[in-house]
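The data blocks that follow each hold one structure.
Consider the two complexes below, in which chain A is the common component and chain B and chain C are the respective partners.
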Partner chain A sequence: MTLTRFAALNLFRNPLRTALTVAGVAVAVVAFLLLRTVIWSYNVAADSAVPDRLVTRHKVTFIMPLPKRYIDDVRATPGVKDATWANWWGGREPNKPTEFFATLAVDPESYFRVIDEMVVEPADLQAWKEDRQGAIVGDMLAQKFGWKKGDTVRLESQFFDGLYEFRISGIYTATRRTVDRMTFLFHWAYLNEKAPVEARETIGWIMSRTNGKPTEIGRTVDAMFDVKDVQTISQDEATFNRSFLAGFSAILSAINVVSIVILLIMMMILGNTVAMGVRERTAEYGVLRAIGFLPKHIVTLVVGEAAVLGVGGGVAGLLVAYPVVQLGIGRFVEENLAGFFPYFRISPENAVAGFVLALVLAALASVIPAWQAGRLSVVDSLRRVA
Partner chain B sequence: MIPISYNVRSLVVRRATTAAAVLGIALVVFVLASSLMLAAGVKDTLSRGGGRDAALVLRKGVDNELSSTVDQAKVGLILSAPGVRKGADGRPLGTGDVSMIIMLEPVATPGGASNVQVRGVDAEVERFRPEVKVVEGRMFKAGADEAIVGRAISGRFVSLQLGGTIEPKKNRPLKIVGVFDAAGSSYESEVWADVDTVKSAFGREGMVSAVRVKLESAAAFDAFKAHVESDKALGLEAWTEEQWAEKQSQYLSIFMTALGFIISFFFSIGAMIGAMITMYASVIGRQREIGTLRALGFPRRQILFSFMMESLLVSLAGGVFGSIAAMGLTFVKFSTLNFATFSELVFTFKATPDVFVVAFIFSLGMGLLGGMLPAIRAARMSPVQAMRN
Partner chain C sequence: MSSTPAEPLVRLRNIKKTFFRGKEPVRVLDGLSLDVPAGSFEALMGPSGSGKSTLLNLIAGLDRPTEGEVVVGNKTISAMSESELARWRADNVGFVFQSFNLIPVMTAEQNVELPLLLTKLSKSERLQRARTALKVVGLADRVDHYPRQLSGGQEQRVAIARAIVNDPRIIIADEPTGDLDRQSADDVLTLLGRLNTELGKTIFMVTHDPAAAERATVRRRLNKGVLE
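Entry: the complex of A and B
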């Protein structure tokens, strides 16, 4: 009988305990993956920003609009290749007021040129440009509300009176998975003619494509508007996205802490199991030592057993978490919380991290019991009764 | 019946494993209780603004004050509606607020940005909101470019403290001249300035965001609401402060509660498995004792009951320690963006009886579930077999 075989058999000596321990580790890995995925998904939108894209907004707050003429000034700025704008319309379907989705009034000519990760069929895009009341909607949004090309949709806005009538000109899809596919886009001109006088000729924010130096160009843009009546702040898209994370930093750091705590709990469960096993088998270790095995063999035996439990739990955890997130809650979250989590999936990094941490922490948890087992003298361990 | 002291002593003998099990359960209870306390804190902070005899009128269909605009011309109409209480001076007790937000850099996350609510209020603050007290510095002067900052949010953002400035418009800084206390309400997470100052600095002339009134009694609300909403063309909607607070807090508090329960659910499985492993080990280790008890004539259900009792004792101890630890958080402030208002809200962990009832039930549930299988195992042991080992 080899030492490896001996270690393997040890695992099955108390199958119930082994099963419970593996289950405990698996639960911890599932929880860890879920929490890490929340954080990862929240950050991923910021991290996958287009590097040459610049966002310009009102200096005080993003809810205050910019004058429409600013778009021409931005377009004329050296280094700006293309620019477009959008207004937040705060729309909703009157019969389903609690279903949230983004509604933006945009410039049909330039929007999809600047936001090129959203793709529309060329024919549909052309049709949209020609229909003042046309709208382009995300494929997930269309699916959720059962909208098809040609449908008439009536929406109301939180900010403006009355119902607005739209015709769906087409559906956009995304070239990247992190793009929000739940947005409703319509003609800014339509909003501009229906909105009250004081809200006309204003735009929400400007997005531009630059020749690759968004930060420098942003400074030029801000300096240009600094002497005008409305000041702006321009940031590259990643910085812009990330600045929004600050508001939730307290919640995110709490989740972060909790994801570590759950691993510590897992270590406690494992460490306890290993320690119990070691206590019960002290006499056996004495025998092993007596027939010539060295303390390092005993230590390897104990740590190895823990590592196998960790690997088992890690694999079991991944096997549970993957289908649950990828096929179940991921889609639910993407549909209902697209604003926060456009792409809610377990990333490979997180999966690897969960597995490796389960393995490493399991080995770590067994260090103290292993050290104690290795340190016992042969006589002592033989004398000891479990 | 097997005396409970037997269980207590058994637990004391196995101190180390008992402590590990108690710690595990305490951790779960701590996490659950603290997230419930956060949810309670959000509700409490947002509902201190006014009770059932106070109402506010907003644009119909809005989700927050920020999106609401009410024509200045309609304010007088609202104040003259039936049910509005009159002040000592004979004028109706009501005021039009202008709500705006300003993006500032949080001290805790340099380079980031979050929204702070700026409220333009009538310069006679004490007339409508007698609970507001300036605790440092002084009150802003009517019409001056001055502001006061709520004490919960003071110092949490760059230059948002006494002597600092905020700049809603270029070359028009509002100097912060005071810090105010508003009886723990969400107003303490806001910056206040004269309503006319805010209107002109943010370009909101001719309109207010919300009109707030004090009612003669809670019962007067229905008549008030009916009157305000009767003219559909005005497009107004009336809420009691209580209903409005509920609406403003629901997303954040539901989010906190849901997050707390999900995390606690996973934690509790972990803790129960840990407790089960040790309970099984202790049942095996006590075979002889169990056999003896059976031989003395204690029936199976008594053994079952006794082991369940032991598990409940462990979970109860865990619940108590976890709750005590959570109580320690009462003094900690938590600050985050409220999804409903788009602005930063500072609140504390609020210990309410409900929180601890839930935590207590949760811990007993863990004890019951975790102890069940080992206890059944103990009860099913045959006395002869058990004694022979």
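Entry: the complex of A and C
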């Protein structure tokens, strides 16, 4: 018998209350992990940007196009090693219009040189370059829609009329887990020839690989276009990603607050449970004090009991959260919200934070009841015996 | 035991104890003096509110007098701090309560081992002592039983084993038979008598039960804070 074992044994006095409390902590930990994973996944997508990559877009908003000729000017800028472009096409499968995935019209010659975290078999890449209606799709997207190399796919656009027919030339994979594997890539030239006249010879944004100083080069690029008909803003990729997702940041801030509030609620529930236990055991603490236990021993017992509850709830929360997120919600989010959350999984740091916070907040929740138990007068406590 | 039966183990001198009911002082003990010889078995009786429990608490080092001196052995416990008193109680006093107060989630052996957690004894030494104490009270075959698996009399005997496991000089018993039937009460009183005669423990018992008081070698009566 030790004081720690004594504290743990106290949890078996009322197994139902203990089980419900552990379940309450576990639910709070699961909710906390889910919300923190949303924030982490958002940030990891932005933070995993390639450091030397520069993104140039229309100065007003990224939904306004740039003249196609700008790509040549960017490529000619000192410090730019390579450059490519993309147009947002807003494509969707006509039979599954609610299934979202990104569709980009790109330059087949340069796209995979600049976006080298996406990997395609060389033979497939060559076949794609040679097929004006060819498409390269992410492996997760192919799996989701059951597409195979050689399949014909018809998609419609939110912005352009008519059906566009594509042939799947290949499937791309990713070198990092944070890369979106749900994108549909096709020839910009195919779009350009089918698009209305006013939309032709325009591009969405330019992506450049630089000599490692994208911010400096970005200033040069923007200065170059400042005197032209369409002005630009150039940002390193991480900044661009964040500005692209900026509309989501207020929600993320709210999620952040809610995740903390959930833990505080958990702390109050635990504090109440511990306080109930202390109240019921006042006489017992009086007996312990009578036989020589000091206030610090009583405090240790109460805090220890709460800590064991926190550990139990933390472990249970992790055991529930992992399958729920890694096998369920995470996969769903990655398939349906890949643009925002290409990699939606519980990070080790969030798992550790969830567990440690459950433990620490449980111990903190018990501080007041423990302090009250420790300062009880022995005689007053024993009076509740009879 | 260093004291002989003739020497007082407990000496109370001019004890006054005042409580406050709101702002109104209530004097419970008024100039009480008492000697309890080492090795004696004393019973204290008296009506409710006479100050029995207060006196018991002072002798046990659970409370301090408003005025006066409490000396047990050669220690003036009325001058000790809270933590000094706690350590002194752990070394010198065994407690037996009316409602047993065993920890329900612990076995008999674990309950008896409890006071030894405050010592530097090894686990095996603690268990050895706990088993010996349970053997003394006749419950060697109940070491793994939980309180709910024991009768009231057995629970009180486990409590007595807990009271003697650290070999205290004095055992304080507060209505030890109050929650027991006659037969169990007799068994408990017989056990207390044996602890007194065979192990030389000084026992100071508060009781309302005249039959229990009869088992003591000295009987005192307290009335309105004064020993009669």
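One rule holds for everything that comes next: the second predicted complex is superposed on the first by the 381 of 386 C-alpha atoms of A that agree within 3 Å, B and C clash if a C-alpha of one lies under 4 Å from a C-alpha of the other, contacts with A are read in each partner's own complex, and residues count from 1 in each chain.
Heads up, the rule we're going with is that a contact is a pair of C-beta atoms (placed from the backbone, for glycine too) under 8 Å apart; a residue touches a chain by one contact, two chains touch by 3 or more.
Predicted, not measured: the structure shown is a model, and the values here were computed from it.
Q: Both complexes share chain A, so when I overlay them there, do chain B and chain C fit or clash?
A: With chain A as the common anchor, chain B and chain C both fit in the superposed model.
Q: If you tally the residues of chain A touched by each partner, is the higher count for chain B or for chain C?
A: After superposing on chain A, more of chain A is contacted by B.
Q: In the superposed arrangement, which partner chain does A:G90 touch: chain B (first), chain C (second), both, or neither?
A: first
Q: Give the angle at the C-alpha centre of chain A formed by the C-alpha centres of chain B and chain C in the superposed arrangement, rounded to the nearest 10 degrees.
A: For this superposition the angle at chain A equals 90 degrees.
Q: Between chain B (first) and chain C (second), which, if any, makes contact with A:T2: first, second, both or neither?
A: Touch status of A:T2: second partner only.
Q: One more residue to check, A:F332. First (chain B), second (chain C), both or neither?
A: neither
Q: In the superposed arrangement, does A:V258 touch chain B (first), chain C (second), both or neither?
A: It touches chain B, and chain C stays clear.
Q: Could you say whether A:V287 touches chain B, chain C, both of them, or neither, answering first, second, both or neither?
A: A:V287 sits against chain C, while chain B stays out of touch.
Q: Going by the contact rule set out at the top, does A:V378 touch chain B (first), chain C (second), both, or neither?
A: It touches chain C, and chain B stays clear.
Q: By the touch definition at the top of the document, which applies to A:R17: first (chain B), second (chain C), both, or neither?
A: In the superposed model, A:R17 contacts chain B only, not chain C.
Q: Scan A:M64 for contacts with chain B and chain C and give back first, second, both or neither.
A: first
Q: What is the minimum C-alpha distance, in Å, between chain B and chain C after the two complexes are superposed on chain A?
A: In the combined three-chain model, chain B comes within 13 Å of chain C at the C-alpha level.
Q: Can you list the residues of chain A that touch chain B in one structure and chain C in the other?
A: No residue of chain A touches both chain B and chain C.
Q: In the complex of these two chains, what residues of chain B are touching chain A?
A: 17, 20, 23-24, 27, 31, 61-63, 66-67, 69, 100-103, 106, 108-109, 111-115, 167-170, 202-203, 235, 259, 262-263, 266-267, 269-271, 273-274, 276-278, 280-281, 334-337, 342, 344
Q: With touch defined as at the start, can you tell me which chain A residues reach chain C in the complex?
A: Result: residues 1-3, 6, 9-10, 12-13, 283-284, 287-295, 297, 378-379, 382, 385-386 of chain A touch chain C.
Q: Quick one: in the complex, what on chain C touches chain A?
A: The touching residues are 57, 60, 62-63, 82-83, 86-87, 89-91, 93, 95, 97-99, 101, 103-106, 110, 113-115, 117-118, 126, 162, 175.
Q: Would you tell me which residues of chain A are touching chain B in their complex?
A: Those in contact with chain B are residues 16-17, 20-21, 23-24, 27-28, 30-31, 34-35, 59-64, 90, 97, 156, 158-159, 161, 226, 231, 242-251, 255, 258, 261-262, 265-266, 268-269, 272-273, 276.
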